[in-house]
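Below is a structure I'd like to ask you about.
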Amino acid sequence: MEIKKGLYYTEEHEWVRVSGNTAYIGITDYAQDAMGDIVYVELPEVGDTLKAGDVFSVIESVKAASDIYLPVSGTVLKVNTELEDSPEMINEDPYGSWIIAVDMLDDTELDQLMDAAAYKEYLSEEN
Amino acid sequence: MHRYIPGTEADLARMLDKLGLTSSEDLFGDVPGELMLKGGLDLPEALSEQELVRKMKALSRKNSSLDDLVCFLGAGAYDHYIPAVVGQLVSRSEFYTSYTPYQPEISQGTLQAIFEYQTMICNLTGMDATNASMYDGATACVEAAKMAVDSTRRNTIAVSKTVNPEVRKVLGTYMDLCGFNIIEIDMDNGVTDLVRLKELLAGNSDLAAVIVQSPNFFGIVEDMDAVGELLNGSKTLFISYVDPISLAILKKPSEYGADIAVGEGQPLGNSLNFGGPYVGFLATCEKLMRRLPGRIVGQTKDIDGKRAFVLTLQAREQHIRRSRASSNICSNQGLNALAAAIYMATMGEHGLKEVATQCVQKAHYAYRKLTESGVYKPLFDKPFFMEFAVTGPVEPAVVNNDLLGAGILGGYQLYRDYPEYRNSLLICVTEKRTKAEIDKLVETMLSTAAKEGSGMA
Amino acid sequence: MRAYDKLIFELSREGRRAYSLPKCDVDTLPIDELIPKEFIGTAPLNMPEVSEVDIVRHYTNLSSKNYCVDTGFYPLGSCTMKYNPKINEVVASYEGFMNIHPLQPEETVQGALEVMYELRKALEEITGMYEVTLQPAAGAHGELTGLMIMKAYHRERGEDAKRTKIIVPDSAHGTNPASAAVLGFEVIEVESNEHGDVDIEKLRKVLGDDVAGMMLTNPNTLGLFEPNIKEICDLVHAAGGLMYYDGANANAILGITRPGDMGFDIIHLNLHKTFSTPHGGGGPGSGPVGVRKDLAKFLPVPVVEKHGDKYTLNYDRPHSIGKVKSFYGHFAVCLKAYAYILSMGAEGLRNVSINAVINANYLMNALKGTYKLPIDRMCKHEFVLGGLENENGVTTMDIAKRLIDYGFHPPTVYFPLTINDAIMIEPTETESVDTLDAFVSAMLKIAEEAKTSPELLKEAPHNTPVRRVDEVTAARNPIIRFSKTDVS
């Protein structure tokens, strides 16, 4: 199971890549593997302001629909519209397939998240 | 022993023995004694098949069926002709005794028939996507309203007062208990008051959807283009409630910009059955496809590359999403949708157009005959499809009573839902009615008016 | 003709007709003098153009691709796929029932109203409830109606704002939480204990004055009777909540015990399960709802009543939640259920449950040595296996698909969610011990094949009209209607 260094992680298996004040958010290799073949990604609207912990997307596989929670509060800057036609990109390249980018309201919220090492340990405890 | 239960005394004894039990009572040892029903159910003794037939036949004869009465009653349930093939084919037990097609390998019959039904509903409404059917028109309308609430994240539904009162009542129950607001749009001369609608749209930023019916409850064809224009560019969705037969000649919901088209599918080959089971349809645009409630059949391939059909987009449904499902619905009206599909296939474009055209012609003939006397006056002055309202000098109950005496099932008494229309009847004339039947209706209604009306104001 | 693979649209040939209509015999006018031109549609309908023979062969061939109760055993857990008596279909086709309009004057439909009234009374007796409505269209619709009544009850007491939670066990049908959520309730799942029953201690912890009620099936989804049902009802009542009985599993208790006597306040039944009406390939069903006396005023209108020897529809119920469906429910389905109850009688209904329970226990006993049985105790009408020890990567789905090769419909699989790799089996009372023995022998043979030739399972089914289908592509790029460009 790949865990990429330099990203922030949540217990719900989202990752955050920070670039300036922009946070790119996706789901981890572990999450995509658990879901199986992804068939649809529901995206929020650009301009929505959401709080950390809010559901910002729903990812559907054939047999499940999973809520995806926002790791850090912010305003949606961009959504990855490529996922609308090719949701399988998340299966193929989970860390390359960001779902949304948000303009963070409070970057100290990042301190609540795990780094790669902590996430690795969290996964091994989970299983 | 009973004809539906094959287990013999000897079978039961053998099975109990295998389980190490001595009596069937032992099977219920885990039910607390105080909860065991004492003395058995207070129900009659079993009837033989012959006794059952006698009893049920007698009960059925206490009803006057449309074999006995000539029907001019509509108001949401319609007496159209149903070709014999429909009844014969839906009576195949391979269709009616099968379960929901969760196992595609052994359910291709049902799955393909529903896929074809979905295609026909899309073609009829002009919409992009539909589901495998809903309980009925009224609940389909409720589901459409809920789709609108979910997708717009707004909480108010506006519904025209010309929408079938039965549909508005069901909508009212749901909206009340689900915590949504409902606003009724006033009517003017039997149609939705577009001035009021415009004001409403300007003054309310919480409107998730506007529901307009055409032909509306009074049979009048509404100006759906005008409604579509008012809603064009607005976030508020346009839900149109339509009669499927009328779509053979009237504009389709897609042509006037509806976001969701719903309606009662009973007129498509389903018997009246004292109100049910019927079949609701709900069709929408591409954008809202994944918000459709209920089952949907999709086309795919099997591992040998052969075309196959399967229930799809199931992640939205209750058995997977549980409390976050788009709807709690877990059935469709499979057999009724099948009947609708067979009906549409049998009639084809030409047949459906001819049915619709005969409805229009015969209803207008009846309307002319009734109103040219001057005794019955049109309640509204608007174009209609196959139902129209007239006001007479006599209470409608009296008119209908006389009609019943003449073997005719009269129109719907509008004061039941619109107290302001006291002496008005809503008369429905389908393609099934003949000139002779219509002439008799007119003659009887005129003679009632002459007899009773002379002493009335 | 299982190789038949045409869509009705692919049979279409311009000019073919399958209908005939009488000539229009009234004076006509041009249609645009009657309806303004701007309201008339111009787009084609794109319906197939076929002959009557085409229609008959097409649908007959399609029907041959279906498995159905009339062809074989359907051990679907929680679905109660019992035999659908033929006489019920005959009765429902009488003109006096099939061809009556819902808005006819009451005096012209006394027979229909009598059927509804007598069925109502029979269901009240069977469930021990005070009053039953036949209006809900299906089980899930019954749940929703029942929860609406629950909400109306709390609202009348001024407690609806604070009573926002519905408790369901973790083994519940998906419709329970979904129905609660539709009404805006928060769903609280309580875990079951190791015996498969509601964990009383865990239940106590979630009970409070924010609870509107609890939904329960009994026997539960594992086919087990809740021995503590009285205590559960008492606890929920003491917290001010109401108890809702999901009648999905009522086939186990007819004439044995009644939800009303257990302490339930609101119930629904599935006429298409317990009362033998056919499933129709997905519907129509029917989900009557019953309530205790003080809740009767909330039932949907109209209520069918008997006054002297006259039957009427009463709309004058000011506390009613209103209507949940057009007209009076699925009358034709209710009619079949009524015919069934008359055919069975009191003793016959009791024998239904006895035979259903003995059949289930017999199967469970025969399979438990070979298949995992996570909860091993006397079951009621159904039981849940936990698949095979995972040999050669064989899954529950593979077992289910291989059963098709042996001529059986697969059981319910992967449900309830509380049991891994669940195989949920409900034989019903209408299967003979010979059928059960044949099913057991297929199941045992499959277990053997899982060891010796697992590919037989993984590639199953082998001889069906289509084989395993690609569900991923179907959901990723949905094709949900035919268009000529999608032809492959």
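Just so it is clear, A, B and C label the chains in written order, and each chain counts residues from 1 on its own.
By our rule, a contact is a pair of C-beta atoms (placed from the backbone, for glycine too) under 8 Å apart; a residue touches a chain by one contact, two chains touch by 3 or more.
Since we're looking at a predicted model, the values are computed, not measured.
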item	value
More contacts between chains, B-C or A-C	B-C
Far-end chain from chain A, centres as C-alpha averages	B
Central chain of the complex, centres being mean CA coordinates	C
Whole-Å gap between the CA centroids of chain A and chain B	44
Centre-of-Cα separation between chain C and chain A, whole angstrom	38
Length of the line joining the C-alpha centres of chain B and chain C, rounded to whole Å	20
Touching two or more other chains - residue numbers and ranges from chain A	39-40, 60, 62
Contacts with 2+ other chains: residues of chain B	314-315, 320-321, 324
Chain C: positions in contact with at least two other chains	471, 475
In the complex, chain C residues that touch chain A	471-472, 475-476
Of chain B, residues touching chain A in the complex	290, 314-316, 320-321, 324
Partner chain B, residues of chain A touching it in the complex	39-40, 42, 60-65, 67
Chain A residues within the chain C interface of the complex	37, 39-40, 60, 62, 87-88
